[in-house]
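Questions regarding the structure given below will be posed in turn.
Chain naming follows the written order as A, B and C, and within any one chain the residues start at number 1.
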Amino acid sequence: MIAWLDANLVSILNGVAFGLLLFTLAVGLSLIFGMMDVLNLSHGALYLVGAYAAYRVVGEAGGSLGAFLLALGVAGVLGLAAGALLAGITQPLARRGHLHQALLTLGVALVVADLLSALFGDEVHSVAAPAGLRGSVRVLGHGYPAYRLFVIGVGLVLAALVYLLVERSRAGAVIRATVADRDMVQAIGVDTRKVLVGVFAFGTLLATCGGVLGGPILGAQPGLDDTVLILGLVIVVIGGLGSVKGAFFGALLIGQIQVLGVTLLPEYASFLLFGTMALILTLRPAGLAGTAARTAAPGSSG
Amino acid sequence: MGRQMRVGRLRPRWILALAGLAAATMTVAACGGSAVRGGGGGGGDQETVKLGVLLPLSGVYAPLGEDMQQGLRLYIDEHGGKLGGRRVELVTADEGEGPQTAVPAAKKLIQQDRVVAVTGVVSSAVALGVRDLFTESKIPLVISNAGADEITGEASSDYLWRTSFANTEPNAAFGPYVADQVKGGGVYVIAADYAAGKEAMGGFKETFEAAGGKVADERYTPFGETQDFQPYLNAIQRSGAEAVYCFYAGAEAVAFVKQYEEFGLADELPLYSAGFLTEGGALDAQGDAALGIRTSLNYAPDLDNPANERFRAAYQNRFEEEPTTYAVASYDAAAVLDQALTSIDGDVTGEQIAAALGEVGEVDSPRGTWRFSETHNPVQKYYLREVRKQGAGFTNATVRELEG
Amino acid sequence: MTGAARTAARGLAARRGAAFRLTVVLLLVALPLFLGPYPISALSRILAFALLAASLDLLTGYTGLASLGHAAYFGVGAYTAALIGIHLTPNAPVQLLAALAAGGIAAGLTGWVAVRTHGTFFLMLTLAVGEIVHQLADSWTSLTGGSNGLVGMPPITVLPGRPLVLAGFVYWYILAIFVLCYAVLRRITASPFGRTMRGVRDNEARMRAVGYDTARVKYVVYCIAGAVAGAAGSLWVAQTRFVSPADLSFEIAALVLLAVVIGGSGSLWGPCLGAALVLLVNDTLSSYVAGRGPLLLGLAFVAAVYLLPRGFAGLRGVRVHVRTRETGP
């Protein structure tokens, strides 16, 4: 057992890093769905915006910590703007059900991804890790890339912050109340539109910043938007839509599936992701943290 | 009352449907003719010839498409816009990411644009998917990338020709060299899990094992879905292998090479591969991580022959980058079509071009001279290349020729 | 309005409706006489895809289950038809029946899991099913030819010994099957079972309360939709004579769902028009704007959502969902 742990320690650690990176994407997706009932299919394209921002600002080789922080800033601003815009264009469709909003955001995703390909070309690009986080460090006798440890740290802090914000703070209480009964919150004098736009912008901010964070690991290239979107959707569905905790554990699970699962069952590597999702939804049709109320939500189709 | 309303609203339905039908008819009816009478493909005359180009303009293969287009354009422009003395009219269609986009695009080239020959095609599935279409339309397709062995093997056709390579070849050419380098140590074999990856590894293992090499273990990774190679790299480290042989291209090539270095394998185990691993844009993205990787391919930018000297200078001058094997194969596709068209007098049909392609002798190419085999695949040399620094960037430098 | 007048108006509407349908079919039948092989093969593709969209409409529009895995059954049908074409017989009706059965069986095997979920979960579970079947097609090389696809399917025959090579004849075969399947789907939606489907869509809890086994209803619809999708797959390969994993990819699943939404779900003919639009944008327009196809498609989606809130079916002025309640039992 100890020997097995030792042999797979790096893999397990890596699964955590990958999972937490996906968490930054998934939690935004989950919050936007939970708060606004919008399945934001442009989330992957926004991640890619962040990744290209990192490529442009930090570059493929070299790159200081300052440049990395600047890239985060640029991505943050873009993310907030995109969120406000998306909230604006999806809200008129609120009564038309998920399918129309999903179609709209998918259209936006195609447009954004194609503009990125026109701007940056179709070549594959990598992003350098910021100075000071390059190279590897020793973890219990194994070499491990320092930047991935950094991603683990950032992901954990982020998870704690989002949890406190949504589940424990006053702002979070308003948000949760808005979800439960929009009219009631409006009646006590809160501008629910602002709350909803705020949540949307926060979610997209996490997506673009996730793109910067993931840049040194996944690079920037056409098609990456679909890959991360699918992973994000799988996590959100496994975890239970609208739940921060669900997104967190879903992300960690998918991280391990992608790494440890592949180590243990290499022949079935390509079936693992969707196999896991199918299995979980078969056993718990509303996801790990889901409740029956959420699944029975009306207007679930066009 | 609902019924009554429907009666009143029948009219818009008629108008809508008829307008829709009319619009669809107009969009697609650009060419006349009837679909129930037989008719040959396109043709050309002594003055002009219409050539179709089927390349990925969008999607993940677009960078390859760009290199291929550059090679093709360079050849045609160098020859005054003419092939075989005829003015060339190029019609480009998008191959996209596979047969889904490419098969209708190929149909359009043949049936609507009435081209006399087509060149291009990155994806093997596309090449196989359009085989019957080209054969039955009697229009030659000069493939300048797609590498499935079948294309010039079991599925060969009088109308399919290839100027690039078969997937097995660069790998088979490399086997004896790698066996010699590891001197009895095991080699870990890893590739993307799709037809090209399987063929590549098959080609390598055959000659490698024949030369006395030992395969330590073998692994295929989900194609196009693997972002994190760490678990595979971990397995490689624990296998006790002394070298690694891989097959990846594009985004996966970048991820694999970068992570190979990040997780410390680059210092311990030499990495060998077919040259696609470090070709073109992938090498720029890999950067330092690719230094020292040895690969096998039919071309390297610094090959020492007069044709390449001219070609490389012209290519760099015009496109401000190093030529790739993709550009060379398309350049040569234009060259063989040039030779074939030269040998035809007067009006040209696809049938004549296909026959003339069979008579094309030695092709004086930037990769060295080559000729078509019986099944229309190039008989060519492969070279050992190593990634080295060149100025601010990196290049695949020729080490020596590989003896088949 | 008196009862007699109402009956007369209804009769008039029915006659006009029939005349309309007949005109459309006659126009479609006549097209190969005027159009060249390329537009006709494009129309053949559109018809096969339209049948797929109509089958998905049965699920999405009439029963309220939006699926992202419908391409799986289309692909199963396509592979079945191609395999039979290569190994057994070029006879197209045989391929069609086998594909129909294979699509239905595949839907039967996978559907029981899917129909237990709702809304977004159903969407994602069907996505998982679709991706798993896609992976199977990709990795079961000995049967499917793997990522290179299945090559070498001979031209189809309808009468023994007379292969249909010309695009026009293949088109007529596809059109005939399309019309037949469309008529069957129409009958299903107009039947009492069709009313039950709409009941499940509009208020599942009430349907359960009045004694319907709604899970069973959904399962049956899922299997029918899968079978028709399989038939559409056989029409698809009758024309391309090649099948690869791309034919059951996520892209196809998403495009057909878009066709349903753009066309107007719950009307059958709307999704067929939607399918035509989606394929025209995807195949034809993208060749005029080299490499910028995705941009056009994206703009088309955005425009469709705002300009056609109920799809093409909405333009006709029939409020599809509302009507069912007005004329309800």
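Please note the rule applied: contacts are C-beta pairs under 8 Å (C-beta built on N, C-alpha and C of every residue); 3 or more make two chains touch, one makes a residue touch a chain.
Fair warning: this is a prediction, and the values are worked out from it, not measured in the lab.
Chain contact topology: the protein chains form a complete graph, every chain touching every other one.
Sorting all chain pairs by how many C-beta pairs they have in contact places B-C at the top. Each chain gets a centre from the mean of its Cα atoms; for chain A and chain B, those two points are 35 Å apart. If you average the Cα atoms of chain A and of chain C, the two centres end up 33 Å apart.
The set of chain C residues touching two or more other chains comprises 138-139, 292, 294. Taken residue by residue, chain A touches two or more other chains at 270, 273, whereas all remaining positions touch fewer.
Of all residues in chain B, those that touch two or more other chains are 58, 62, 193, 223. Interface residues of chain A, counted against chain C in their complex, comprise 33, 39, 93, 96, 98-100, 103-104, 106-111, 113-115, 118, 233-234, 237, 241, 270-271, 273-275, 277-278, 281-282, 285-287, 290, 295-297, 300-302. Partner chain A is touched in their complex by these residues of chain B: 58-60, 62-63, 66, 193, 219, 221-223, 225-228, 230-232, 234-235, 238, 250-251, 254-255, 258, 262-264, 281-282, 284-288.
Taken in their complex, chain A has these residues touching chain B: 7-8, 10-11, 14, 18, 60-61, 117, 121-126, 136, 143, 145, 217-219, 221-224, 227, 258-260, 262-263, 266, 269-270, 273. By the touch rule above, chain B contacts chain C in their complex via residues 1-7, 9-10, 12-14, 16-17, 20-21, 24-25, 27-29, 31-39, 57-58, 62, 92-94, 96-101, 103-105, 107-108, 111-112, 124-125, 128-132, 136, 148, 150, 155, 193-196, 198, 223. The touching residues of chain C, when paired with chain A in their complex, are 60-61, 64-66, 113, 116-122, 124-125, 127-129, 131-132, 135, 138-139, 201, 205, 254, 257-258, 260-262, 265, 292, 294-295, 297-302, 304-305, 309.
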